[in-house]
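Structures follow.
Here chain A shows up in two complexes: once beside chain B, once beside chain C.
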Partner chain A sequence: MSHASHKSLRNTLVLVTLIVLGFIMLIPLIWTVLLSLKANGELMRSTANAFHGPYTLENYIDILNNSSVFRWLMNSVIVSGLTTLGVLVLSSLAGYGFARLDFPGRDKLFLFVLFGLAIPEQAVIITRHQLFTALHLHNSYPGLILPGLAAPFGVFLMTQYFRAIPKELDEAALLDNASRFQVFWKVLLPLTLPAQATLGIFTFLASWNEYWWPLISATRSEMFTLTVGLAASQINFAQTSGLGYLMTQAVFAATPILVVYIIFQKYIVKAVSGAAAR
Partner chain B sequence: MKKLLLAVALLALGSCSEKSEVTEISVQRIFGECRANVPKGQPPLRNPDGECEIVTQILDDFEKRNPDIRLKVNIAPWPGYDQLSAQYAAGDPPDVVTMHMSVMPDFVSRGLIEPLDADFAKVGLDVNNFTPAARNGVTVKGHVYGMPFDNWTQLWHINMGLFQKAGLVRDGQPILPHSPDELLAQARQFKQATGLPYLLQPTDNERAAFTRNIYTYLLDQNAVFFPDNKHIRLDTPEARRIVELFRQIYAEGLMAPAQDYPAAMAAFLNGQGGICMVGTWMIGAFEAEANTPGRPLSAGYAVRPYPMLYGGKQTAYVDGHAWVMPRRERTPEQRAAVIRLMKFLQQRDYDWSRTGHLPTQADIARSPQYLGLPHRDGIVALATVGQTLPAGVERQIAIQDIIGDEMASAITGHKPVAQALKDAEHRVNDLLFHVL
Partner chain C sequence: MSGIDIKNVSKAFGTTQVLDDVSLQIAPNEFIAFLGPSGCGKTTLLRMIAGLETVDAGEIHIGDRRVDDLPPGQRGVALVFQNYALYPHMSVADNMAFGLKNIGVAKDEIRRRVEDAARILELDGLLARKPGELSGGQKQRVAIGRAIVKNPDLFLFDEPLSNLDAALRMRTRLELAQLRRRLKATMILVTHDQVEAMTLADRIVVMKDRKVQQVGSPMEIYARPANVFVAGFVGSPSMNILKATIQDEGGFAVAIVAGTKIATRVPMAGLPASDHWRLGLRPECVKVSNDGHPATVEFVERLGERTLVYAKLSDGTPVTAEDAGNSRVAMGDAIHLRIDGARAHLFSGTGDGYHADEAA
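Coming up: the complex of A and B.
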């Protein structure tokens, strides 16, 4: 067997393996979608009914007929969008500062920020709730957005990314009479776009899926995010009597995230491959 | 022009005063959202006996009949206590909220919900009409703290077709055991005749079911398992008898193994077992199957309270849903509106009992209308003889989880029965010791 045909066979095998693995990964998603297209009564008898017709859009119509669902969707978009924007701005500025500026206590402060990575949300939830109560921030957008802005991972990621960019670029720009902010804004920031995309999508994803904090901070239904609103919509024992509806909720909540992922996919791949090359 | 201005001003004033006559109260409930099935002001388009559909319609109807009261309905994710606790912490609990009777002691002991005796008396909401099970469930330290909405309990849902095949039907009625030995004998007879397990019950990822069994059969033996509100007694011969019985049932394959809640329900619907031990809330779904030609349950479906196995009088462990009034600042008008809502809910007891849950009002429990609902005549006695845990016992849900854990370990053979009971007792007492 020639070297070329051996390589071709190997590539085919890799491809087939990847297709099989990809399909295995997709099975739960396909199953979820099929379940969402079935009547609840049928699924109560057997979930295997999902693999054959008749299918129905009844559960989707029910979700769309819920008068509050678009409000919750809007809340989620606002909260996730502004949280993501805030994290990108703050993490980029902080990352630039830690990577490029010399100021007293910089390394200690950076270490202090990194400690945040080791502190789980559960450890601070009561004090945070009390703080937000004192500030009358519950049931408000700031109440939902502000906790997400403290993003030690984002600061760490952006710091590392800025550090990897050659300092000669800054120096050349400074020689051209650029201010510090211009160096940051016009020279370095565009180079961090892949990292921004990665951080952005992770932040958006985490914020979109956040359940606990919105559950206890946004207690009025007009301020529910989609996760809390959909959970509140579930009937008792939904896993038995309302499985199709439950799966429809999952599809409905996941769709915007999938759209965001598809839009930013090339940036994420670029960021990952860039990191690997470095 | 002056007249016109005066008219506009009067009109504006008029609208102001009209607006201020409407009292708004916040109502928080569980049971899900189903506005798609119940368009405002209309009867349910689908699933008319569903919990969500009925409660939605009742609250709509209240608003329609009480135009001076506006309900701001908040639907909380089940069971609702994380959110409610957070609302208390933020100083913003709702005006009225659904609460399990088993949870009420936790809120009463902290002064978080209000006694309602005086308010009920003022509006003629007759607490003497509460069924004994309901009254016990909402009474703590001699005061009524809630408007009982229902009682619910585990029942024996029976596949009569399979029972017939197993020779366990006499005069159209299922033959049920009266002792542990009879239970084992009938279960073996059933399995031999049908090749199927006698009992179906969630065994996996489910803590409540085993606990409810043990509570009911401890009550059957008149065992005092809460000698006081801070201690449980489970390391006893009475408890051992129950757990060893269920362990033997499981070991002999007389109970389907490795089933979670949906699997156990599906198994019963598909005729894969004789008896499904599950709550009042499944009557409607099973009855619908029984009325569908060609389905396994269409050969016959019956519902019975747990048969007493140890010679005691008929009883069962029950819990229930109630409506309570959180302690918070509110105007006298808001307080009056809450009580009016509760009185309205009392009057709609029949509607809610269509869910399968037991009625909480004695007149409804006796009414031909209620008794005319499928299978209700067979279970209505539980509204009288059903027993909640002692009203002062806190953390009942956590206790249920602990006991359920240990019982599951013992019944499935992962832990010796005596050890499991000892551990359950120790863990519950430790929990109660640390309750502030």
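Coming up: the complex of A and C.
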């Protein structure tokens, strides 16, 4: 067998394996989508007929008319969006400060921030709960957003990224009459976009999937995020009359995150492979 | 255009002194080169003029303004960095316009200045490109363009040619010389390349060990080096520095090297008492000949138009000599060297240089 055909066979085998694995990973998703398109009454009798018709949009229409899912979706968008924005702003400013400004205690303070990476959420959850109770922050957007803004990884990532940018660019900008803030805003920040994208995607996904803290902080249904709301629905409906409806909610919840993945998949691959961190 | 007055400037980084009581006057429209080996303080001095390093002691004046306490943007200087320091996310035009936008220059005026600079530097077709899409030479021209549009009082160049390949370096050197003629501006070039300094500058400031060693025109530095360091640093290949004793013959010093006499035109009258004299001879003053001082060839470098012969005198003293381009001298050959003592220099034990009278 020639070298070329040997290589071609190997490529084909790899491709077939990837297709099979990809299909296996897609099965739960396909299963969920198909179940969401079935009538609830039919699913009560059996879920085995999910792979053939008749299909209906009844559950989607119900969601549009009745459900709290819209409210939860909006809460998730607000909480994840503002958390991501906050983390990006704070991490960028802190990263610039640690990388470029000379102030007393800078290195000790940076070390102090890094210690945050080693503290698990479980260790602080009770005191945080007490603090937020005292401050009347539960069942509010600030209550859901504020804990996510403490992002030592973000500060670390941005500090390292700013440090990797040549200082001559700051100096060239200073000679070009730029103020310190203009140097940060117009020259350095645009160069950190790959790191911002990485940090933003990770923060958004983590915040979107966050379950524990919203479960503790949001006790009123109108302040539920999608994760908490769906879990609450599962308790009410699962394996009873509303399986199709539940699956529709799941599809509804997963769609925004899928869109984020599809739009930013180039950056996500880079982020996961570490390429964006240079 | 403004001159520069640097008065007793010193600078230390922690406990390391990098500049020690440096004073220098630069005339308006003068092109000055700071020349010296790595770590001599030349780049630090340039950065202090630009405002990128603080001044520990002393004063810097540009024109009639004292600038050492002003921020970089208010000093009226433009700096071309060694690594270009172009803003990677901005187009060529935006790179050049950035400084003008920051001081509120009108859009039409910015466009006019950018287009003028682009025309001078042949960047017309590249204004929309990003720095990442340019070659090294083009980036260098954009960096120079960014300086030109600001109409600064003073241009500073920090080793601007060191990142270019040999052919491009020569071309850019020529372009810099032409640009200088066109702009008629005060310019300071930092370089460790003596050819750049010799070909571009009106005057060269040779620096070593935190201090200025000599300030003079390129030919002055070459022909009358102030000390043994300048003599050895300027000129390629380096000047031959040979241990010698001296004696007076008719009012001029005669150096005795490896037992043979070399008559110089250095007047005895000005020489101090010293036990450790050294004779300085440029390689072009030492020619391969049919008679003269016997030597053995160690190595031969054929440069085309001339041949450099690295030889040893009878007492083992190494010496670099010149021969014609078509020289047949080979390694190991026994040769003779004819030395032109009239152009020789003498260096005392402290390193100070003594030369033939200029009229001689």
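Here is the rule we go by: the second predicted complex is superposed on the first by the 210 of 278 C-alpha atoms of A that agree within 3 Å, B and C clash if a C-alpha of one lies under 4 Å from a C-alpha of the other, contacts with A are read in each partner's own complex, and residues count from 1 in each chain.
Following the convention adopted for this analysis, contacts are C-beta pairs under 8 Å (C-beta built on N, C-alpha and C of every residue); 3 or more make two chains touch, one makes a residue touch a chain.
Computed from a predicted model, the values in this text were never measured in an experiment.
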Which of chain B and chain C A:172 touches, first, second, both or neither: second
Partner chain in contact with A:217 - chain B first, chain C second, else both or neither: first
First (chain B), second (chain C), both or neither touched by A:138: first
Which superposed partner A:182 touches (first chain B, second chain C, both, neither): second
Which superposed partner A:190 touches (first chain B, second chain C, both, neither): second
First (chain B), second (chain C), both or neither touched by A:122: neither
Residue contacts on chain A - larger count, chain B or chain C: B
Touching partner for A:65 - first (chain B), second (chain C), both, neither: first
Touching residues (chain side chain C, partner chain A) in the complex: 50-52, 71-74, 77-79, 81, 83, 85-89, 98-99, 102-103, 146, 150
Residue ranges of chain A touching chain B (in the complex, touch as defined): 41, 44-47, 61-63, 65-68, 129-130, 132-133, 138-139, 215-217, 219-221, 228, 231-243
Partner chain A, residues of chain B touching it in the complex: 30-37, 50-52, 73-78, 82-83, 85-87, 89-92, 261-262, 265-266, 269-270, 281, 285, 288-289
Residue ranges of chain A in contact with chain C within the complex: 166, 168-169, 171-178, 182, 186-187, 190-191
